[in-house]
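Common to both upcoming complexes is chain A, partnered first by chain B, then by chain C.
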Partner chain A sequence: MSSVAEAPVAPRPSAWRRFRGWLSNPWGRPRFLPLVTWGYVVWSIVPVLIAVQFSFNATRSRTTWQGFSTRWYWGDPVDSVWHDPTLRDALVQSLKLAVADVVIATPIGVLLAIGLARWHGRGSGSSNFLMLFPLVTPEIVMGVALLLVFTDLFTFVGTGTTAQILGHVTFSISFVVVIVRGRLFSIGRQYEEAAADLGASPTAALTRVLLPLLMPAIVASAAVVFAISLDDFVISQWLSKGGETDTVPVIIYSATRAAPLPSTNAIATIMMLLSLASVTIGFLVWRAFTRGERQAGQSVVRDMGTAPRVGDI
Partner chain B sequence: MYRRWLWPGFALPGVIWLIVLFLVPFYTVLAVALGTVDPILFQAVPIWNPLEWNVGWLNEVVHRLGPGGNLTDVALRTLEYVAIAVGLSLLIGYPVAYYIARLAGRTKALLLILVIAPLWINYLMRMLAWVNLLAPDGYVNRFLTYTHILSEPRDWLGGQASTVILALVYGYIPFFILPLFAALDRIDQSQLEAARDLGASRFRTFLHVTLPLSKLGILGGAVLIALPMFGDYYTPNIVSGAAQTSMIGNQIDYYFHGGPQPTIGAAITIVLAAFLTVLMGYYLWTIHRSTQQERTT
Partner chain C sequence: MARGEIRLIGLTKRFAEVTAVDHIDLEVDPGEFFSLLGPSGCGKTTTLRMIAGFEQPSEGRILLDGTDVAYTPAHKRNVNTVFQNYALFPHLDVFDNVAFGLRRAKRPKSEVRQRAVQALELVQLGGLERRKPSQLSGGQQQRVALARALVLNPSVLLLDEPLGALDAKLRKTLQIELKTLQREVGITFIYVTHDQEEALTMSDRLAVMNGGKIEQVGAPQDVYEDPETLFVADFLGVSNLMDATAQGARNGRCRVRADTFELAAGSGAIDLIGPAKIVIRPERVELESREAAAGPNRLPGMVERLVYVGSAVQVIVRVATGEVLQVLVPNSGKVLPYEQGTPVQLYLPVDALRVLAAPQEGEAEPVEPQAVTDASGHS
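Up next, the complex of A and B:
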């Protein structure tokens, strides 16, 4: 990279020469790459910020800014998130599903991760394979499958809240497994073996050594499950029976296709803050727990680059 | 005995859950797609015994999707939209991932946060944002007419293929950039220096070292975004809603929600899942092969 260092010393080359230099060497350190990158970031974030801005609009318009107000959150006696029963019910339903999902999927996923990492007998390979599938199956395929199973086979479940919770847990388990298993691999077996050498029973080694070490991954996976449950649209929609069982994303979907008010933007903003807060808390807890384990040079960036959503398969 | 059953016992609840609520539902789709239809009520009647399966409906759907059928256009359109959207994602995503992984320096962490953030913002909110912007009196039309690029506002949301493709790119591109970033970030700096020391130009270094080393990242990201795009029905519905931009997912949605026959919907789902399994299988196989190579070298 020595050629880069010379540049500031020499007098500034003419625009034409710089352009020709860029043409002959577009992958050096041109202005082109930062331009594309920052352009991309602006393009991906700014529309969302504008949508947030219009949730505070003083009038019914979502396209013309006419002053700041909080009427779409609680001020408006009919159409605000606080007063419109449809929006309020949707928010409650979304939170209900997310909490139930965390409570059920996290323990099952943690146990499955430990089991799959330690069990090498017959059936472990296919169980591992089975666990990967929900991560790559398109949601519509899973939605169709779950809808049909609840209407044709497990008819006692039917559609509605129970079906939605079962569906959310089904796609969440694999996320928990991937996060917890990553942690299991990085801590290795030596702590458990040391505990066993010192006379701990397998159960004691598990509860007093392994579980505390897994804690950051458990908290992080709970946060991730909460966020993906809040953000889920397809499974919630296919398993909804309408009315009170519509979640916020389902409401946003139907409102956007009809004639949305800024209150749609308001409830979307609330959801965005909830899931961003959940993931941020999960990440900070992970950082706090694993402080001191990181070696020099292993940065936050590395942690984030290997974030679970990447599909660590 | 206790030790032998300890670990499988841990896995048991999760495995049972996935069998009952993942494998059995798949079997149900098969049973419905290969079942019959009640002649009076037009309701799907699943056939649970594989020996009695009726391939009539599946055959019909395959014919409709094949050349000359009434779903041919939809199938080709879906392939076209996904191919263009994945191509555009590569075109935009590669420079972004490359810059963040190799050249961003002190802004690396900030950029990474900004690239990851959209993953945790509700997909439908991000679509809603564009619906607001692309409305007839929205910011996009106002900007384009103000600068005289357009003489009058364009109806972006009235069934334009370009809007649907751009919405797909906007929705899924973060899932493409992240695995690509991870692949580029993992490349050992010394390999690039070796290439440069041996006299390769920057461009040749990129072409012969960086690009091959990031191939798996490109492939992984492309599969990761192509899979949900093939099953997408909400994006075209939100930003267009017109029949001329309908994708295969819209057909499945139509046959189940208010449509005439879930059996046909289930049969399309089976065909789609079979097609995507080939895609997934290829991807998992390349990963498997590359890890094998890593182990042997």
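Up next, the complex of A and C:
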């Protein structure tokens, strides 16, 4: 023990060194990254919070806070979201498109994902790549293209709700495919093989095993589709017939350019809450469904990851 | 009632780049515990997957009780599989997993219940019906996988390294259980493994596979004691291999020359003349001091290393031919009078020394066995 006591004591480091040590200590908690993260969170959330705040303003001003009120939601007999027919129709139209999009795009996307993941032949690679196309194509290009298609080629569609639904489905299928395909790859083929081994026909294997296992991804992708459909401006705008087929983002855009009222903030807040709710529900369902897999410690998850045993042929 | 007889005739599977299984012929008798043993990539799993129906053969026939099932889809074959990772359906509980096959076969509800419960009791999992697979230990999951396959009363049960994911001790217990269970139910088991010890202890017969071909088929003792090829000798436990020149038989033994030493080998290709390999198991080599009687079949050498493996001591000896041989001395509690550098001589008993044809140019050299297990267990 004596030798320990006799060991030389390091001199106390300078204040600067201690600050550096506090900021970046390889043994301690990270400090710098949380600073950056929180900085970003505040930066991105403050404008939203301000917009939400002014949706509760008591006067017509969108810049000066003059007291709390809910008049822009339902109180005002003319200009509130509840009473202004333009805003109400836009909200209804947005919800209509979003629901239709979810109902149509999700099943098609799931089938496409299964098909693409199971298809290993000529053209499977390029088809897989094409699926990413709508994700990277500028939306304005897609909007113009769809408008041309619906007004020149398939003129029976024209503009309006049908065209908008078709447009939304076109770009949201990719999201479903990407999410579901990811899950498919992590599940692997072994459960389908096990089902076939136990005498399940291909249909039974799909309905009894594969779809239940895909359910978290299906719900999550439905939530994402709902949210991005609500959010969409470009395609909704291009394919709108005007009037009651204008969606909320379109209305907000034109209202902001004309004479904005806090009711615009109110309807934006409602939209934001709807998106948030759908994504939250999707996340919670995913978590509830996959809880068993995570509880299994690493085993099930790892097994899923290594399912296709390419190595041992 | 010949139920559970498998015959493979010229079975071949070619993938884009490789021939995974290359014209194999095999007969498995009803009620037999048959193992396919080989290193990874030898084609054993592909063979199993073709019997199960997950892969379509490129060529050849698969006869199940005399009927060609090579082109019957998996869900219509009366064989069931225990997967390496069990592949228990994570969204179903234990009971529903076991009942899955019965329900697909549209059995009446009461029968489903009765047979599933019975199968779970067979694997000693009664009472865990409502657990999810994720709430079970590895060994329990393995038993559920077994029950799920056995409940359908298949002609043949296929097992793809079913114990591979378990720890050594549990594996030993389950090996014995599995063997007992197989005797009880009398179903043909085809068991794929890369673990030579597992194959030797459990099988009635086994086939050693390498490079898509079958190297040797036989009872564990025959394959271990009388390996027909270098690969088999090497893969089934540790073998000492030495280069030699065979000079033909005399008095029922082969005269071989290793470097400048004349030896007599009593088994293997004793009629061979030309380049050869001589093989001897480490547990058959006898370690002697230099002063011991000189005599035939002895090689002088020097101890290089002593490795304590618990039940035995491995003595690594460099012999005068320049090659290194392993000697396995059972641990009898006495301290060996050897250390690094001690001059010794090795006695290679005639009946334990085996001559095998040296591989031709271009033929694959035997690969190292993956798991060097305690070889003393087989001596």
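Please note the rule applied: the second predicted complex is superposed on the first by the 257 of 313 C-alpha atoms of A that agree within 3 Å, B and C clash if a C-alpha of one lies under 4 Å from a C-alpha of the other, contacts with A are read in each partner's own complex, and residues count from 1 in each chain.
Throughout what follows, a contact is a pair of C-beta atoms (placed from the backbone, for glycine too) under 8 Å apart; a residue touches a chain by one contact, two chains touch by 3 or more.
Since this is a predicted model, take the numbers as computed values, not measurements.
Of the two partner chains, chain C is the only one touched by A:Ala200; chain B is not. Shared-chain residue A:Tyr191: touches chain C; no touch with chain B. When both complexes are overlaid on chain A, the residue A:Val81 reaches neither chain B nor chain C. By the touch criterion defined above, A:Leu33 reaches chain B but does not reach chain C. Touch criterion not met for A:Ala266: it reaches neither chain B nor chain C. Applying the stated contact rule after C-alpha superposition, one finds that A:Leu97 touches neither chain B nor chain C.
Applying the stated contact rule after C-alpha superposition, one finds that A:Ile108 touches chain B and leaves chain C untouched.
When the shared chain is aligned, no partner comes close enough to touch A:Leu210: not chain B, not chain C.
Chain A uses residues 202, 299-300, 306-307, 309, 311, 313 to touch chain B in one structure and chain C in the other. Listed in rising order, the residues of chain A touching chain B in the complex are 25-29, 32-34, 36-37, 40-41, 43-45, 47-48, 50-51, 54, 62-64, 108-109, 111-112, 114-116, 118-119, 121, 123-124, 127, 130-134, 136-142, 144-149, 152-153, 166-167, 169-170, 173, 177, 202, 227, 230-231, 233-234, 238, 248-249, 252-253, 256-257, 260, 264-265, 268-269, 271-272, 275-276, 279, 299-302, 304-307, 309-311, 313. Contacts from chain B toward chain A in the complex involve residues 2-4, 6-15, 17-19, 21-26, 28-29, 31-32, 44, 46, 92, 95-96, 98-100, 103-104, 108-109, 111-133, 135, 137-139, 170, 173-175, 178-179, 181-182, 185, 201-203, 206, 220, 224, 227-228, 230-234, 237-238, 241, 249, 252-253, 256, 262, 265-266, 269, 272-273, 276, 280, 284, 287.
Interface residues of chain A facing chain C in the complex, by the touch rule stated above, are 190-191, 193-202, 204-205, 208-209, 212-213, 215, 292-293, 295-296, 299-300, 303, 306-307, 309, 311-313. On chain C, the positions that touch chain A within their shared complex are 15, 18, 20, 40-41, 43, 45-46, 52-54, 73-76, 79-81, 83-91, 100-101, 104-105, 132-135, 138, 141, 148-149, 152.
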